[in-house]
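First chain A sits with chain B, and in the next complex the same chain sits with chain C.
Our next item is the complex of A and B:
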């Protein structure tokens, strides 16, 4: 019984593979956009313009405080009524990279704040412009501080991508959902789906853990 | 035109929305209670010397952390009936939330206990305190203090995660909002009402976390 089910599920492996492709693709796309936007957010959050920083803080809170499913529905069902018709994939990328940017923005901001003030003062004293200070002095140090947290955020992003199955995108979770309609054994089907996620995510979790240990090592 | 918000419809659906909010709160509170229980037991098993229980807990934590909640939810939803366990979706949802957050809670508590310096325990031993006395007076008070903020953070994640239960047709906040979309073709109103309720919970928990850390942050950060 178990083996026949497993065999039947394995017949669907092209479907699973297609799901893996979508999951990886959508995660990578929103990762790239999310990181770029997130750094911009982090710089604005720690910048000298207090009102801009506060407004952005509120924006970030709104997306950190609501479920991703609700945000995804907003993008997919509401934006079209404002004349912005998006495909499911684009809607998924928009919602995911926006949310990623909000979380990464706060991580980057905390990294920038963790760089000692003396560094900025020294950069200022050598006559660097604000852009030069950021590019040459502050960001290189901030990036090193926040890298483990960023990798952890990437894992969360990949896992959150499973939610896009709710708007009909054919990702890994959706492929499992379709297979389970044909082979009614949720344990095997979603066990396999989980295994695929594990293969994608575990290397990231592992490297994040190693980086954290390395970062802590000299302090202890 | 969807650009303006139809507040009349939102008020009309207020009873449904409040019911959804109640369900979300119930799911979150019981899910978090379960997560704390699982987390404390799992953590206790990782810091004891026996190898097998430790390996099982580490595998559990890693599997949960490396797979999305939605896949875990479907695993239980489509899997439990397979092995003859027929329980309502609502309970499956609580189990999934508790199992998922339990892994994170275990990690949070573990890092709290590991943050205690060895000298503290050694000082306790040398003053003649028993194991239980050391735990009660030295280890736990110091270990639990730094876990409060991350635990509140995990509670925020859990409240948001509970929205996924709408996908296995548990009627909670997100699902209640969808009713406005389905019955009145007003997805905007439904989603705005839902998001507002989630935001209220989020800001409340965030405020509690800030309040707590303001009064309890350790002075020695040198």
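Our next item is the complex of A and C:
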């Protein structure tokens, strides 16, 4: 019984593969946009413009403090009433990149704050502009400090992407829903779906652990 | 070169610099001493704009510090600063620490910057440690790299903020020797230090501060043998008794 079910589920491999493709695609796109935007957020959060920093802090808190599903619905169902019609994929990428940027922004900001003030002073004392101080001195050190936390965030992002199935995107979770309607064995179907997520995430988890171990070594 | 006229600074209610008047001419070596908390470090940190001041006028190399924000970078390129805690970039080698600003701020070619950087590291006795990272160097070696880093910008003025206070006693001399050789070449310098023997041998003038004010300014000879102020005598009595 179990074996025949497994065999039947495995016959749906093209569907599962399509789901993996969507999940990886949407995660990767949101990750790239989220990192770029997140660094900008982190820099503004720690910048000298206090009002801009506070306004951004409020924005970040709003998205860190509300469920991702609600944010996704806002983008997909409510933006169109303001004349902004997005495809399900685009809406997914927009909502996910935005949320990723908010979390990554706070992580990057904490990294920048963790670099000793003497580093900024030393860079400033040699005549570097604020942009040069960040690029040459502060960010390279901040990134080393927060890399384990960032990778952890990437893993969360990939797993959170399962929520996009709610707006009809054919991701890995959605492919499970469809398969289970044909092969009524949730244990096998969602066991397999879970395994696929694990396979996607595990390289990241593994490398995060290695980096964490290296970060504990005295070498900066 | 450096001219304080009636400079005042407050940290909240705390008056940390009171009516500072002081002129440092080209090629002069001025040692600033005084008890901790007297405002010595704040004084030299004002010179390159690391600390703002609220009242008075501070001119450095023709630039009105604090009033011309756009020219502060220009000023800092001409004023080298050496910190008590070195503040080397931990992710860069000794040579990279030295050449970073010349390449990116002065726009020197990498080859020319590396050549100058190597010559300076040789000069401070670190010719064999160019590829080392700061954590692989002793405190004295790190401070010598920091001096080379400041010199590589070819500044007109060098400021030293307690350059030997964070060092083990046996490393103090190697750092002071570098500063003494700079003085011998006619570099304009302001040095905050507790090393009285060094102050005596290298300074053209000694500035003694207490509670944010300059109490007296004198040649080292007259300050160390015959301080004019009560507080100066008191201070020397405490630092020279051992």
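Definition applied: the second predicted complex is superposed on the first by the 218 of 220 C-alpha atoms of A that agree within 3 Å, B and C clash if a C-alpha of one lies under 4 Å from a C-alpha of the other, contacts with A are read in each partner's own complex, and residues count from 1 in each chain.
The rule is simple: contacts are C-beta pairs under 8 Å (C-beta built on N, C-alpha and C of every residue); 3 or more make two chains touch, one makes a residue touch a chain.
Fair warning: this is a prediction, and the values are worked out from it, not measured in the lab.
Looking at the shared chain after the overlay, A:90 reaches neither chain B nor chain C. Within the superposed three-chain model, A:128 lies in touch with chain C and out of touch with chain B [touch as defined at top]. Put chain B and chain C next to each other and count what each touches on chain A; the higher total goes to B. Touch criterion not met for A:110: it reaches neither chain B nor chain C. In the superposition on chain A, A:166 makes contact with chain B only, while chain C stays out of contact range. Within the superposed three-chain model, A:53 lies out of touch with both chain B and chain C [touch as defined at top]. In the superposition on chain A, A:144 makes contact with chain C only, not with chain B.
Looking at the shared chain after the overlay, A:202 reaches chain B, while chain C stays out of its contact range. Once the two complexes are laid over each other on the shared chain, residue contacts for A:68 go to chain B alone; chain C is not touched. On chain C, the positions that touch chain A within their shared complex are 48, 50, 73-77, 79-81, 83, 85, 87-91, 100-101, 104-105, 133, 135, 146, 149-150, 153. If you check the complex, the residues on chain A that touch chain B are 61-62, 64-70, 73-74, 77-78, 81-82, 155, 158-163, 165-166, 172-173, 176-177, 180, 184-187, 189-191, 193-194, 197-198, 201-202, 205. Against chain C, the residues of chain A that register as touching in their complex are 116, 118-119, 121-129, 132, 136-137, 140-141, 144, 218-220. Only residues 1-3, 62-63, 65-72, 74-83, 156, 160-164, 166-167, 174, 177, 181, 187-188, 191, 194-195, 198-199, 201-203, 206 of chain B touch chain A when the two sit together in their complex.
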